[in-house]
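Here you go, one structure.
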Amino acid sequence: MSVLIDLFTLMAVGSGLLFFLAGTIGLLRFPDALSRLHALTKADNLGLGLIVLGLMPQAGSALGALKLLVIWLLALFAGAVASQMIARLVQGGRGCGRG
Amino acid sequence: MTGASLFGLAACVLIGLGLYGVLAHAAPLRRVLSFNLLGAGVFLLFGVAARRGAAAGLPGDPVPQALVITGIVVAFAATALALMLLRRLTALRAAERAADGLRDDPKGR
Amino acid sequence: MGMATTTGPLLVLAVVVPVIGMLALLVMPFLGIRRPATVALAVVAVGVAIASAIGIDLVRSKEAIVYVVGGWAPPLGLQLRADGLSGVMMAMAALVIAAVALYARPQFDMAEDAPGGRRAFAFWSLLMGLWSALNLVFLGEDLFNLFVALELLTFAAVPLVCLDGKAETIEAALRYLVFALIGSALYLLGTAILYGQYGTLDIGTLHGRASANLATHAAIALMIGGLMAKAALFPLHLWLPPAHAGAPAPASAVLSALVVKAPFFIILRLWFDVLPEPPSEAAARVLALLGAAAILVCSVVALRQRRLKLMIAYSTVAQIGYLFLMFILIEPGVAPWTTIGWTGGMLQLISHALAKAAMFLAAGLIAEALGHDRIADLAGAGRTVPVSVFAFGLAGLSLMGLPPSGGFIAKLLLLNAAILSGAWWVAIVISVGGLLAAAYVARVLKRAMAAPATAIETRAVAREREWPALGLALCAVALGFVPLQPLDMLAIGRGALP
Amino acid sequence: MRAGMMNASLDAVLVVTLLAVALFSVLARQARAAVIGFIAFGLLLALAWVRLGAVDVALTEAAIGALTAPLLLGASAFAGTEKPASPPLRLALAALCALIAGTLAVIVLAAPEPAPSLAMQAVAPLGALDLGNAVTAVLLAYRALDTLLETVVVLLALIGIWSLAHDENWRDAPASPAAPSPPLDLLARVLPPVGLVVAMHLLWVGADAPGGKFQAATLIAAMGLLLMMAGLTPPPALGDARLRALVVAGPAVFLAIGLAGFLFPGSFLAYPDGWAKPLIIVIEMALTVSIALMLLLMLLGPGARKPSA
């Protein structure tokens, strides 16, 4: 049983890391800010989700697993808002959007 | 080499880097950044002393850990004051330049 | 050690009362007070009383006053300690701050929301913070506690530099802050090393535990290096002249007279109270050489200044140089406080504080009366603000080292110590420095006493505003009547740390 | 053994990344790049503190780092055009700094064994104080004077920042950092309650577990900044008497309890038997409010003219 759980963790965290790798390559290689942002958010949200998913069975308690989940949700939320703001800044041109 | 001495060496490198940055950069913002690196290195040295002094069931000596917390807050206050001075200075200099431009002084600096 | 005397609580109050004043300034509406100056002057009165009480107790008991904070004895807890040296420093600080407060009152006597209220509020709050910091520097026995004191001092002193809000002064303040922060970081670095070696930061405990090895020497060297930047020892002085010259006169007086002395005081503590054995001759020579360079170079630069306040600021850097000559004049193997080199250095510190504060205050009124501080156009100052020009001249006596003045005794003692220890070059530097000081002071006095070629426009200055500067200058002169031998006061409580 | 190897390699990766980011921050050509490098550095540094067994410090570092970030990003617009030192001078400086770092490394590697420590002494009185977290005991009992004066340092910095205003509007509200947008609006409505709960938790457990007033205060300040950035709350006027009272409350309560110690049990900043924990909690709560406010006000800057439009 514990071997199975470990295997699950390994696979989930491994694929999560792959997403991070892809996102990072995108950040470095894509030409403009918007597509970089696209690569980063997509990859990081999924990547972090997979890592959290993989770590949840290892947390040792239901509360610990819940904390991990909350971390992911908060990161997702903050990441979404931040990238939206950056995108606005890039697209809306400078000066607009400043109340 | 123990984990603590690895971080100790990292602290030494950070102190060297921060000191170099503070002395080699002339732009105030870069100096403030470097000062923070220097500070981080010094705090880490306290942290290493704390880690090495772990005893009584604690993961580290609490005295240097508490000193670092105090130090971090003071360093933040210093950073804030420096950046606000910089902001005001930039604004005043911009106003001065604008006034110079308006005067249209051919010999203006 | 550790024996609490009945006057111990006074040490806490010396640090805490100015803080109470600072907090009160923020909530004056609740206290029914309108003017910050009212609160500040009340605190000054109490603070002077505390400093006097501590001084009287020291003289009477001939023993250091010790206070263990919260009952937590070092090395876990903190301890405050006043010996004769700290008692003298505290009295000096109280005297200068009282004079500065009396001087500044008419200038900063408005309510917070009145025109000029920003400057008044900031000046008095920062002055309170600064005083608390100075007292803690003089009383602190724990190296990290002293770090907090140095930070308090920095955060109070830097905004004082740019109270007028002009771009040049803000630039000077920023540069001052950067230098001060580098100094703090180096000081803290040494503290971290010492804690890693000895597991304590209490000076008394360290004195027993510290052994002469690479770590101890490197730590002390880094700390002294950082403190040198804060004390503006040549060649780390570049921040000082614009900062001290750009501040309002009462702020300049405090900065030049007191603030740069605090890091020097901590250097003394490290040198004599922490270092495990007589410090190396080479290190002492380096400090003395830098001091000598400060005296010669900055006196010449002062001579070439066009602005009065900048000239006084450069003179500060030069006069700080004398303090660092001390290290080479104290022969190893004897208790330092029984030597004339130590007494000379301390007298130089105190008489410079009084004289320099007097000079800046006088210069402030001269500039106010004439509307400028260009040295070339000072003619007529002697008629407009005669008391201030007289005070400037009296203070100048002390800087030059002419009798009767504290500076004369100080320089004479240093000169004797130099000759006795065979350091001829130090004797020459002291004499040349005195001549250069005479030249830059005389240059100002000559212009100020001259009659103006054409009628000049002056602003009247209330006579009573000139008294504080004169009072300080007279105190600097009065120091000239102390006997020419090691002072008992400076040795009180020093036996405890052999 | 295997876990030891794992930890060692984890530490090694962390240290190498930490130093690489620091190097990038010092050497970057552009100021903004240097700032972003520094922010990443701060995050990694918090991890390093966890690895050093200093969770209290890690929390402080992460929280303060989050507050420093907007400050630095905002300031990267004022990066001066001053040229760095000339190449030969830079080389000399690099040699000097390398010498200092090398000396320090020798000292670190030759550190005394066993290391001196105050841990035993710090733990012994915990029972009498009724505290479980030794770091809190250091901050609020053994070295309470440091902590008290450190809040005064922060207050002085705030007064210094306030003094940078124009004469006519120094008691007005600082310039608003508002840059409203629908997602930010949403975030600012959802996050602050969560943040406040977490802050209260950090403050409450601080007596016995990692956490405490600084960490809680920083979190509250960040929530306040978020509300203002979303345009939901305007910055307060700096001359406001109630605001000033809240700023002063923390140090004033701390000082009052410290002075009361003179009377009972007879020493400044000492707590009467059995009263240590409740008094420390009162001090921590008052300090949390004041420090949160001071941090937020420092980020907002000096008073400014109200927008005319």
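So that you can tell them apart, the chains are marked A, B, C and D in the order they are listed, and the count of residues begins at 1 in each.
One rule holds for everything that comes next: a residue touches a chain if its C-beta (ideal position, glycine included) is under 8 Å from a C-beta of that chain, and two chains touch if they have at least 3 such contacts.
This one's a predicted model, so the numbers in the text were calculated from it and none came from an experiment.
Counting contacting C-beta pairs between every two chains, the top pair is B-D. If you average the Cα atoms of chain B and of chain C, the two centres end up 27 Å apart. Distance between chain C and chain D, defined via averaged C-alpha coordinates, is recorded as 31 Å.
Along chain A, no residue makes contact with two or more other chains. Annotation for chain C: residues 76, 144, 148, 151, 155, 158-159, 162, 165, 170, 189, 193, 196, 199 touch two or more other chains. For chain D, residues touching at least two other chains, in rising order: 100, 104, 108, 111, 115-118, 122, 142-143, 146, 150, 153, 157, 160, 164.
Interfaces, counted as pairs of touching chains, are A-D, B-C, B-D, C-D.
The part of chain A that touches chain D in the complex is made up of residues 74, 77-78, 80-81, 84-85, 88, 97-99. By the touch criterion stated above, chain D contacts chain A in their complex at residues 176, 178-181, 183-184, 186-187, 190-191, 194, 231.
Those residues of chain C that touch chain D in the shared complex are 9, 12, 15-16, 19-20, 22-23, 26-27, 29-30, 67-72, 75-78, 112-113, 115-119, 121-122, 125-126, 129, 132, 136, 144-145, 148-149, 151-152, 155-156, 158-159, 162-163, 165, 170, 189, 193, 196-200, 214-215, 218, 222. On the side of chain D, the complex with chain C involves touching residues 100, 103-104, 106-108, 110-112, 115-118, 121-122, 141-146, 149-150, 152-153, 155-157, 159-160, 162-167, 170-171, 239, 241, 244-245, 247-248, 251-252, 255, 258-259, 261-262, 265, 267-270.
Residue ranges on chain B touching chain D, taken from their complex, read 3-21, 23-30, 32-34, 36-37, 40, 43-45, 47-63, 65-70, 72-74, 76-81, 83-90.
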